[in-house]
Amino acid sequence: MIREKGTVELKHGAGGPAMRELVKSLLVERLPREAALAATAVGPEDLDDGAAIPFGDRFLVITTDAHVVKPIFFPGGDIGRLAVSGVVNDLAMMGATEVIGLTSSVIIEEGFPLVSLERIRQSMRETSLEASAFVLTGDTKVMARGELDGIVLSTSGVGLAQRVVRDAGLRAGDAIVITGSVGDHGLAVLSARHQLGLEGDLRSDVAPLNGLVRVALGAGGEAVHALKDPTRGGVTGALVEMAQKAKLGIVLDESAIPLTAAARAAAQILGIDPLGVANEGKALLSVEADAIRPILAALRAHPLGAQAAVIGRVVSDHPGEVLLDTGFGHRRLFERDAEAIPRIC
Amino acid sequence: MTNDPTRLEFRDPARGSELLTRLEHVVERAGRRISVMHVCGSHEQALARYGLRTSLPRGLRVVMGPGCPVCVTDAPEVDAAIAVASRGVHVVTYGDMLGVPGQSISLEDARSAGARVSVVYSALQAVEMARRSTDAVVFFATGFETTAVATAAVLDAQPPANFFVLSAHKYVPPAMEVVAASPDARIEGFLAAGNAAIITGYGLFEPFAAEHGLPVVVAGFEPLDILAGLIRLVELAVEGRAEVVNAYPRCVTRDGNRPALAKLFKVFERRDGEWRGIATIAGGDLRLRREYAAWDAREHFDLAPIADAPEASELAGKCRCGAIMAGSAEPSDCALFGKECRPDSPRGACMVSSEGACRIWHQYGLGLRSERELSTLRVRESSA
Amino acid sequence: MCLGVPGKIVEVDDLVAKVDFWGVCRDVALHVVDEPVAVGDYVLVHVGFAIRRIPPEDIAQTLEFYRELVEEEATEAAEEARRS
């Protein structure tokens, strides 16, 4: 499939099947099978949010992320906050809510305003304080004007986890929980990027979630079977991947999915499904049915989890498929390879 | 999903359930399989988005006709836009068109190869881009009459000299004639596009209904609107009454929006045109009148395909989009469906467009599994 | 073809209205709507243009239409019961 054109396309970075195919065929399948892989509990072939390596009685979790968002300053956040939150969240989704440290690599285009760079660094500092996750080392490169579009941030993180939580751990009978409203980041950025003139409280939810995940794991322990943050590809992409890895089905109840009024209106105007766009401050949990109550209570008591809700169930029917009950029938949710674009039809 | 009528939401699931029961009984009493056709991609979107296709009675077949403007935009028209963009001119278009292949490549492919292609949400945005630039901006304008009204409005308002329109707009009523006259479809009635009828009025369906002996019901796009429209349509079909019923009175009137219609035909004229894969539809294309030649991209730019454009795909011959759009074949009748032709690797327009029948079928798994398997997917019972 | 989105006018300035879509607002062009509109009016918007002013009394009328269809079902069911 990737050989079709002989060139890299936008879909290869969209977080969907095309990207996974590229990563698998060019990276994962060609790694030396010896050495590094033998030492991991969760490795590159798992295509999870990070890698986990046994470390004494715990696990060392490592992850890396690159950010190229446009526009770099958007309602609710900026590329700096995204860079720190993104990597802290990848660690948290593996169960590593204690962050040992971050690295920050930045590649900047000649001519980029220093004022903007300062603003981005300030934003990273603030987010680091929220998460107790600090940049301990990094790298800076500058490319000539025109050779790079603005700025690219690449961030790595190292954390420790008592127990590794995989995104493949779904079990039949589990409840699917989301920690808050859906589609905020993707819709805010899309609206800003295309200058669609939408006024209102449409803002990114970008935030570090390690504190929130910590309280959920504290309340639920091993009853939390799987974790994943629905970034690129949205809730749909994340749940389809989880369902496929676990070879189980998921059924969602549309009336239970939290949406802000702004996101609902923007989605309707743009003809975009909020379930298919990125969230940068939300987590999906697959939890044992018995543990729903304490986990929801713990989430809702935390400022980032006030709208937490059960949105569906894991079932043994239709393995690998995610269905949405609309109240009028149901439809199947499919991952997309492309970034959502506003449609008129 | 919220359901607040003061926000013009008509989505009460309890009422929906009652209307579905009514529809089931109406179809049952017919005692035979009924096929009706809708001609609006947004109706298909709504059917899919609300999951209505999984609840419609088995005895009712709701076929999607040539109602996806993206799908019926002919390959040479797409290639013309690609040619302009590939020669260094800034082409802007609605997001829906980006991924549609012409003979072989799409505007998105051209963009990856370096052409300047941008997405706009409104014709006004396109004009604004021209105002802020010294370069030419060509608006590849697609869509049916509802959308063409917007293009007409911006042209009528004397846009800047560097703004051009490459019109691929189409006009639906003649296409309905072609389908109605076709022996293959076995269609017993039409669900007409509610928002197009806001502009044209429903009066124009009266001679159509009389001539073809087929009922036409104009329906809106809320789930309750669609169910209500289908109930009325099936009743009329069963009783053999070739009438026109307006089931969307809050938006549609008999005469329509006269000033908008006048503006439309002040700027555009109807010409015979190729509807991709279907046929030549007499009077089915909307093209700029001579008076607007100054802004007509066809008068100013070289539209010939670029020299080294890739060969037409050999799969193009096997694509059955045309028959599917005419309602005489279903997506699963196409050999490429679900195999070489999938949403991530589309071969035909019906799979590219978010409103294409093939795309929508693929999205909810129809045609990829047997009817029997689908019937066991009763969501409420299967949830743990 | 028809993505028509309803909203409520909160400001009018010549040929542009600010429309509230109950979550976000956006400017909407009034070039093609066929009657004068005022603050508080419902409009249906397609690709940035208002194409119809929706009379508020039509909301109740629409709900009534659905109710009638369901009533017809009850009436027919009762007749069938009587006949059998």
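Read from first to last, the chains carry the letters A, B and C; within each, the first residue is number 1.
The definition used in the following text is that a residue touches a chain if its C-beta (ideal position, glycine included) is under 8 Å from a C-beta of that chain, and two chains touch if they have at least 3 such contacts.
The structure presented is a predicted model; accordingly, all values stated were derived computationally and were not measured.
> Using C-alpha centroids, which chain lies at the maximum separation from subunit B?
If we average the C-alpha coordinates per chain, A ends up farthest from subunit B.
> Which one chain sits nearest the middle, judging by mean Cα positions?
Minimum centroid-to-centroid distance belongs to B.
> Could you please state the distance in Å, as a whole number, between where the Cα atoms of subunit A are centred and where those of subunit B are centred?
That gives a centre separation of 34 Å.
> I'd like to verify one number: the distance from the centre of subunit B to the centre of subunit C, where each centre is the average of its C-alpha atoms, in whole angstrom.
Whole-Å distance between the two chain centres: 21.
> Could you pull out the residues of subunit A that touch at least 2 other chains?
Residues 196, 264, 271, 343-345 of subunit A each touch two or more of the other chains.
> Multi-chain contacts only, two chains or more: what residues does subunit B have there?
Correct list: 41-42, 68-69, 94, 121, 125, 143, 147, 355.
> Among the residues of subunit C, which are close enough to touch at least two other chains?
1-3, 22, 46-47
> Going by the contact rule at the top, pick out the subunit C residues touching subunit B in the complex.
1-4, 6, 22, 29, 31-34, 42, 44, 46-49, 51-52, 54-55, 58-59, 61-63, 65-66, 69-70, 72-73, 76-77
> Which stretch or stretches of subunit B touch subunit C in the complex?
Those in contact with subunit C are residues 5-8, 10, 15, 18-19, 21-22, 25, 40-43, 67-69, 94, 121-125, 143-144, 146-147, 149-150, 153, 156-157, 193-196, 198-199, 221, 224, 228, 231-232, 247, 249-251, 257-260, 263, 355.
> Write out the stretch or stretches of subunit B touching subunit A in their complex.
Going through subunit B, the ones touching subunit A are 1-2, 11, 13, 16, 20, 41-42, 45, 48-55, 68-70, 94-96, 98-99, 112, 119, 121, 125, 143, 147, 223, 343-345, 353-355, 362-365, 377, 379-380, 382-384.
> Subunit B touches which residues of subunit A in the complex?
1, 4, 7, 9-11, 16-18, 172-173, 194-196, 251, 253-255, 264, 270-271, 273, 289, 312-315, 317-318, 321, 323-332, 334, 336-338, 341-345
> Can you check the complex and tell me which residues of subunit C touch subunit A?
1-3, 5, 18, 21-27, 45-47
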